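Take a look at these structures.
The following pair of complexes shares a single chain, chain A, combined with chain B in the former and chain C in the latter.
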Partner chain A sequence: MTPGWWLRQRHYFLYIVREFTALPLALWLLWLLFEIHRAAGGPKAFYASGSPAFIAFSVVCLGFALYHSYTFLSLAGVIINIKVAGKPVPSRLIVLSQFAAWAIASLVIAAALIGFAR
Partner chain B sequence: MAEKRITIRATRFDPDRDKAPRLQSYDIPFSDESMVVLDALNHIKSHVDGSLSYRWSCRMGICGSCGMMVNGTPKLTCNAFLRDYWPRSITVEPLNNFPIVRDLVIDMEGFMQKLKSVKPWIIRKQDYPLGAGEHRQTMDQIDEFRQFSECINCMLCYAACPVYGLNNEFLGPAATALARRYNLDSRDQGLTERLPMLANSEGVWECSFVGECSVVCPKGVDPAKAIQQTKLDTTMRFVLPFGTREE
Partner chain C sequence: MNHDAEHVQKPAIAHLIWWFLFAQGGVIAAILLPVHILVQGILGPLGIVQVVDRHYDTWANVIGNPIVKLYLLVLIAFPFFHFAHRLRYLLVDLGVPAARSIPAQVIFYGGAIVVTLVTIWVLLTTVPIG
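Right after this comes the complex of A and B.
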């Protein structure tokens, strides 16, 4: 295996991108923890939401998070093997149900956050 | 009209003389649109260079002997048509991730040991007596494992797997698919005998789901599915209350 094996074909490259997405997400969480730690010094010390650097990094991380979620939920159709009334549920239906659950969970969290902000 | 020709670049390696494998070019006639890479190799062996070594047998995608890297992709050479590559040259190399014995022949001993370790045969706690007649299965029971039984042990999935390339102790795609084939068979009772191999540190948990094994399989088997579903099964066995675990 050469160090550049993952550049040999598109499928390997997309796999590495999928795995790589965990790194910026971990960095984002570390940054958030740091900001929460600063919040112990009072509201003025916590500047995450007002920091252009944090917002820019968050937008980049959102892209990675969306790609990671998309690949994760798409693979659910391969992994989950369930039967209803003795018949296997088609992979496509499993994937659709995952995306639907994702959308509903996102709406609920967004509504809660907006509610708290008010 | 000039005769149509194609260039085949094949790996040559004699462990007694060569330090490293090298490529040798052969310019051969492309006389028939139905010619496959294996036909080209057979032409070279018969008419150009009798010393070229490679494995083959059935010529019809059943025996799984003629797997090689064709322009960097693992393929059965009996199923790789020259017309899909011409007028470009074709580079034929031994399967990735395996030691080379000679030229295009790989050492498959490691794979054979892995295959044997998952006991890919029907295991019964008590033999089903011949006098009891056939051990019948419904179509639904057959459908549970049918696709995994199509595996022909051609090892293309191992050549496509970067995890196996980095760690050849990994049990790998085909062996797991065949283990699952028997674990899902209603006649089999050998799950607990196979689990130690499937669930150990070099078993299914080594797989990081690249998925290329399923892409290159010439028989439509989905080894990536077998591996991920085995992960799910072993996890459920661990977290479910003891009484609901399958025997």
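Right after this comes the complex of A and C.
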């Protein structure tokens, strides 16, 4: 393979982007771990991240996170083979169920994160 | 990778574990992570909605709960096994064959184990249970 092979075709480029999503997502989770740890110092030492740089970082991470979700959950239709009453479940239905699970989980988590703020 | 016939059983089980962690971590990151980033990383800091981690009282109250601690462990630790695998292969794909080596595997998967241990430590020492 020659250097920069992945820049020559859109398909290769998107493949590399998919692999790369791991880095920003890892950094964001490390931030979350840090945010948890900050509560160890008690109420006086605690502060919540809110700088424009942090928000911009999160916006970038959200883009990569959505791309990871979209590509990973779409793959489920290829990987998962389930038979119901002897007939294979169509892969479109499996993918749809994955996206439905994502939507429901997102609503529940958003409700918890906002609801417990009171 | 060792494909000798007499070693087939052991590596297969090891692969099963790593593949389980890789797949599980991928699913957890895909389904749980975007909403955390959106709410805690963007909407909360912008003040669009009230979010639990913006104030010490509500945040400490939530992360002191053992079920929340277990959830946060799953949310943070599992994806790192997925990330470790992806980033190692990203390096291979970008022309770093050394990323295939055993030391590289120890560094990447060992890194995921270290993150898991640190997460357990942080969760147990921050607003301890009881």
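Note that in this section the second predicted complex is superposed on the first by the 111 of 118 C-alpha atoms of A that agree within 3 Å, B and C clash if a C-alpha of one lies under 4 Å from a C-alpha of the other, contacts with A are read in each partner's own complex, and residues count from 1 in each chain.
Keep in mind that, in the parts below, contacts are C-beta pairs under 8 Å (C-beta built on N, C-alpha and C of every residue); 3 or more make two chains touch, one makes a residue touch a chain.
Note that this is a predicted model, so its numbers are computed, not measured.
Chemist: Based on the superposed arrangement, let me know which partner A:Phe46 touches: chain B (first), chain C (second), both, or neither?
Modeler: second
Chemist: I'd like to know which partner A:Leu96 touches here: chain B for first, chain C for second, both or neither.
Modeler: neither
Chemist: What's your read, chain B or chain C touching more residues of chain A?
Modeler: Chain A has more residues touched by C than by the other partner.
Chemist: Tell me which partner A:Trp6 touches in the superposition: chain B (first), chain C (second), both or neither.
Modeler: both
Chemist: Look at A:Phe116 in the shared chain and tell me whether it touches chain B only, chain C only, both, or neither; answer first, second, both or neither.
Modeler: The answer is second: A:Phe116 touches chain C but not chain B.
Chemist: Looking at the overlay, what does A:Asn81 touch: chain B (first), chain C (second), both, or neither?
Modeler: In the superposed model, A:Asn81 contacts chain B only, not chain C.
Chemist: Once the two structures are fitted together, what part of chain A is touched by chain B and by chain C alike?
Modeler: In chain A, positions 1, 6, 19 sit in both the chain B and chain C interfaces.
Chemist: Could you list, by residue number, the parts of chain C that touch chain A in their complex?
Modeler: 26-27, 29-42, 44-46, 49-63, 72, 75-76, 79-80, 82-83, 86-87, 89-90, 93-95, 115, 118-119, 122-123, 125-127
Chemist: Which residues of chain A touch chain B once you look at their complex with the stated criterion?
Modeler: Within the complex, chain A contacts chain B at residues 1, 5-6, 8-9, 11-12, 15, 19, 75, 78-81, 86.
Chemist: Name, in rising order, each residue of chain B that touches chain A in their complex.
Modeler: These residues of chain B touch chain A: 72-73, 97, 140, 162, 165-166, 208-212, 215, 222, 224-225, 228-229, 231-232.
Chemist: With touch defined as at the start, can you tell me which chain A residues reach chain C in the complex?
Modeler: 1, 3, 6, 16, 19-23, 25-26, 28-33, 35-37, 39-40, 42-43, 46, 48-51, 54-55, 57-59, 61-62, 65-66, 68-69, 72-73, 101-102, 105-106, 109-110, 112-114, 116-118
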